[in-house]
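Some structures to go through are shown next.
Below, chain A partners chain B and then partners chain C, in two separate complexes.
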Partner chain A sequence: MQTFLISHLPALLVALPLLCGFLMPVIGRAGPRVRNGWVLLGGALTAITGLLLAIQVLRFGPVTYVFGAAHTTQTLAENPAAAFPIRIMFEIDALGALMIINTTLATLAVIIYSVAAEAKQSGLDMFYALFYLLIAGVYGMVATGDLFNFFVFLEITSLAGAALVAYRIDRGVAVEAGLKYALLSTLAALAVLTAIGILFGQYNALNIAALASRLQFTPLDKVALCLLIVPLAMKCGAVPMHFWTPDVYTTAPSSVTAFLVISSQASLYGLFRVLFSLYGAMLSWATFGWFLIILGVLSAFIGVTMAIPQKDVKRLMAYHAVSQTGYMLLAVGVGLAVLGNASALAKFGRAAIAGGLFHIINYASCKGLLFLTAGAIFLRTGTRNLNRLGALGHAMPVTMVLFMIAALAIAGIPPFNGFASKLMIYQSVFHFSPLLAIVAMIVSILTLASFVKVFQALFMGPRRPEFANVREVPRPMLIGMSVLAAYIVIAGIFPQFFVTRMIAPAVNALLDRAGYIATILGGI
Partner chain B sequence: MALFQTLKTAAGVWNPLLWLIALAVAIGIGLYIRSRGRADSRQGPAREPFISGNPEPENAGAHIPATNLYWGFTEALKGWYQKLLPIHTGVLTDYVAWFLGVMALTFIIALAG
Partner chain C sequence: MKMTKIVRTTADAFYPFCLVFGLYVVTHGHLTPGGGFQGGAVMATGTALLIVSRSYREITGRLRQTMLKLCEAFGLMLFLLAGLQSLANARPFLGNWLTQTGGFVGSVVSYGPNPGSLDTGGLVPLLNVGVGLEVFGGLTLIILCMLSGIKEDRP
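Right, the complex of A and B next:
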């Protein structure tokens, strides 16, 4: 039984949240306590599955899983007769494992948090059904080895995400934000689908590894490349296609916003996967490296400067999300730009990619925690307006401490995790271009400056009569937030442990295009 | 032990444990200096806040709203914000236009490269 379960972990990774979501309307009929129990059980089982699978990949190497095959590990190489192009196949390497850990951490925190945060809302059966659909979609995006599956999971996350953003229809702005997210996501998905059609028409394959082995880099392939990378860059919130992020992140319930950050990162993963694993050696590295770098610098600087004048705490945080995505694009862009230069890659390119990938999980924890604290404040005060808030440190001391941890970490203050990944990015980017490193540091200073403002506006000052009845949020919300805070502190104090065990293998997986292809095709 | 290893970056190292030890020592020194101070320093008029000779405001007026806090910053960068803010229209068709514009630019870069 144990062996059976372990061998089917990749399937369970998506099946469990789907099952949990689809049964939610039925189980919800038994009452809120049973439904909440089901939500927590589903979250725990999904998290355990994700962690076990990630550990398996990091310890023993890439895992492949073929849906519907007599032997689920039978890849295209082992059965050439079965090498037909349409097959649902998961390929999880160390980079996928890193993204699974990232998603698992967020799932655990957000599910625990939302049980208490959403307790007084109506329509929770469908809310959680959509939430688990979103979780399944994100896991699918980072686990699949098939381009068409990637599109399907991208659609699942987009539709579930848009529905969740617009879920509280009593707020008109939420519906507007949901509509914007749905339309832009549809546009992005259409472009991705067109690219998949172009590649399938030429190479009769949908599997990423099979496509990578057959790619000729024809003009049509270049068109497909653009149709893949631009929508994915938009979905991860890169400037100048970031406009949807503040609208969507601000109006969605905070637990949804925290998970939409993870959904955006799954698109970032897709972007890196296309550039490194699918196209890889075919690309003009300098051109597309600089493409990422320019997107990264624009996102980092415009994101943070737009954050400073904001009055809505979640809108401010949303602009910071754009800014932090810029760091990842910048760092991985530097790694991509020097991919053809072995000495530069060894000297700083790998460290840049490592910093960028480390920042993915660090940023997810910090930003997730910040959005959750904003949700806690909104729950108790009913406002997100920084000009009206204040002095909450007296009534919500635990939330204040959790906010401080997240804010200091995202601003790159030691000893939290954001400092470790940002230090790796600064130093490696400095070797490539000192000017870019200086911009990155200025952005960090501005990040700190704007969070000083937020901290002062939210928590400092003498007690105010309008918040006399405000008290600390329920314990499950604090526990959910503490999960992320614990990671921030632990990864900050022991960064090398995480870099050695999670990040370095992920960097190797991203750079080893031949290995990615060989896992499926066996050295063809 | 693997847990306590130093992080190696592209050009240096970072060990948070050493940093925490240094921080603890600094805090210890600070607390020691504080303990050597006069015990009666918190009594008398010195305890009242000094706001350039102005009377202390009521609680409601003591909190500085967020907008005021970075007024100087946004005022200094007014030129930048005058260009940046109007781009953020909130109009969906503008978002689509930016997306298509970047897509077109990327086509040119990819096909020319």
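Right, the complex of A and C next:
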């Protein structure tokens, strides 16, 4: 029974959220209490599956799962003479495991939070059905080893995300944001599909490992590369293409926003996967490294400078999301730029990539927590305008502490996790180019300045009569937020544990293109 | 918004044919071009004919949203449970555990030209039925929801 469950974990990772979501309209008819129980049960089962799978990958190496075959590890066709991968496969290496842990953490927090936060809203059956569809899509994106399958999950994530953004109609603003997100996602997906078509037409394969082993880097492949990296950079909100993030993150319900951050990071994962595992050795490393670095620096700087003048608290956080994504692009770009230089890679390249990957999960927890606290404040006060809010520290002390933890972590203040990953980024980037490290530090200082302002505007000051009825939010919301806060504090105090157990294997997996191919093709 | 008697009668006459043709496309999904999605879309086209030829209030008496939602959920559940049942039969998710086992969908196909045996394919016809139900329910629901936004004519 035990081995049976473990061998099928990758399938359950996507099947369980789908099952939970699709049964929601039926179970919802039994009343809100039963539905909430079902939502929590589904979230717990999904989280357990994700954690078990990630632990298995980190302990015993990459996991493959072949759908519809005779057995789960049959990666090649039955005929040994013409052995090539034909079926849809999941391939989860340590990098995938990192992303799965990231998604699991957010799932757990967001599900517990939304059960209480959305309790008084209508249309909840479909809301949760879409939410579980979004979760299944993100898990699929980070677990799949098939390029077309990646596109399918990208579409699932985009459509479910767009529908959720527009779910609470707020005088048409939410609908506009949802439409914008749907339109841009469709455009991105179309470009990705064209690239997949180009690659499939030339190499007769859709499996990422098989494609990587056959790639010739013809001019058409270069077109496909552009068509893959530009949409994925747009989906993760890098700066020249960041214009959708403020609208979408602001108008979506807060629990959805916290999870949309994760879905953006799944696109970031796709971007890294394409650059390192699919094209890898073919690329001119300096060119593409600097491409990521420039995207990263632009995102970091423009994001934070746009955030400072914002009046809407969630819009401000959305611009900070753009800014923090810049750190990951910058750090991984530095690693990519020195990929050909073994001594530089060992000296600071690996550390840069490790910092970038560590910042993914750290940023997701901080930003998720910030969006959730913003949602808690909106739930109790009904406004997101910083000029009208104030003095909430008297009535909402726990939310205030949680906000403080998240804000200090994202600004890179010890002893929180943002400090650990940002320090790794500063140190390694300084070896590459001191100027870039200085820009990164300035951005961090501006982030701190901006959050000091927000903190003061939200929580400080004497009691106000208009907020006399404001109370602390319900306990499930606090528990959901505490899940993320606990990770922030633990990873901030014991970063070494996470770096050696989780991040270092992920860096090795990202750099080991031959290993990624051999997992499927068996060293052919 | 009510169409003329000619339109309504024609829609009524077409409706059963659309459903039967849709069901044909769904059940022959593993033999002929088409399949669950296409067949479900054909069936939904039949109900769309009924819907556009009548008023919203009149049509919701015959087609209830709850029924369609359940239809959609049931189709999806059929697909997922058929996939999960593979695990119980010592195969990966969606592994074809029904093929060549005899019985309702598990006949062995003889080599050479054949007229197309419906009782083959194993899991595939079941998945087609699931997808067909889901698409039928979902598309009809979308059309109904769009129609509910149209203003009714005052009699």
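Methods note: the second predicted complex is superposed on the first by the 512 of 524 C-alpha atoms of A that agree within 3 Å, B and C clash if a C-alpha of one lies under 4 Å from a C-alpha of the other, contacts with A are read in each partner's own complex, and residues count from 1 in each chain.
As a convention for this text, a contact is a pair of C-beta atoms (placed from the backbone, for glycine too) under 8 Å apart; a residue touches a chain by one contact, two chains touch by 3 or more.
None of these values were measured; they are calculated from a predicted model.
Applying the document's definition of touch, where does A:67 land relative to chain B and chain C: first, second, both, or neither?
It touches chain C, and chain B stays clear.
On the A-aligned overlay, A:19 touches which partner chain: chain B = first, chain C = second, or both, or neither?
Second partner only.
Touch check for A:351: first (chain B), second (chain C), both, or neither?
A:351 sits against chain B, while chain C stays out of touch.
On the A-aligned overlay, A:11 touches which partner chain: chain B = first, chain C = second, or both, or neither?
A:11 contacts chain C only, not chain B.
Which touches a greater number of chain A residues, chain B or chain C?
The partner with more contacted residues on chain A is B.
If you stack the two complexes on chain A, which partner ends up touching A:448: first (chain B), second (chain C), both, or neither?
Once the two structures are laid over each other on A, A:448 reaches no partner at all.
Once the two structures are fitted together, what part of chain A is touched by chain B and by chain C alike?
In chain A, no position sits in both the chain B and chain C interfaces.
Of all residues in chain A, which touch chain B in the complex?
Residue positions touching the partner: 179-180, 183-184, 187-188, 191, 219, 222-223, 225-227, 229-231, 233-234, 240-241, 243-244, 246-247, 284, 287, 291, 302, 305-306, 308-309, 311, 347-348, 351-352, 355, 386-387, 390-391, 414-415, 419-420, 423-424, 427-428, 430-431, 449-450, 453-454, 456-457, 460-465, 492-497, 499-500.
For the complex, give me every residue of chain A touching chain C.
4, 8, 11, 15, 18-19, 22-23, 25-26, 65-72
Considering only the defined contacts, which chain B positions touch chain A in the complex?
Listed in rising order, the residues are 2-12, 14, 16-17, 19-20, 59-60, 62-67, 69-70, 73-74, 77, 80-81, 84-85, 87-90, 92, 94-96, 98-99, 101-103, 106-107, 109-111, 113.
Can you list the residues on chain C that touch chain A in the complex?
69-70, 72-73, 76-77, 80, 83-84, 87, 91-96
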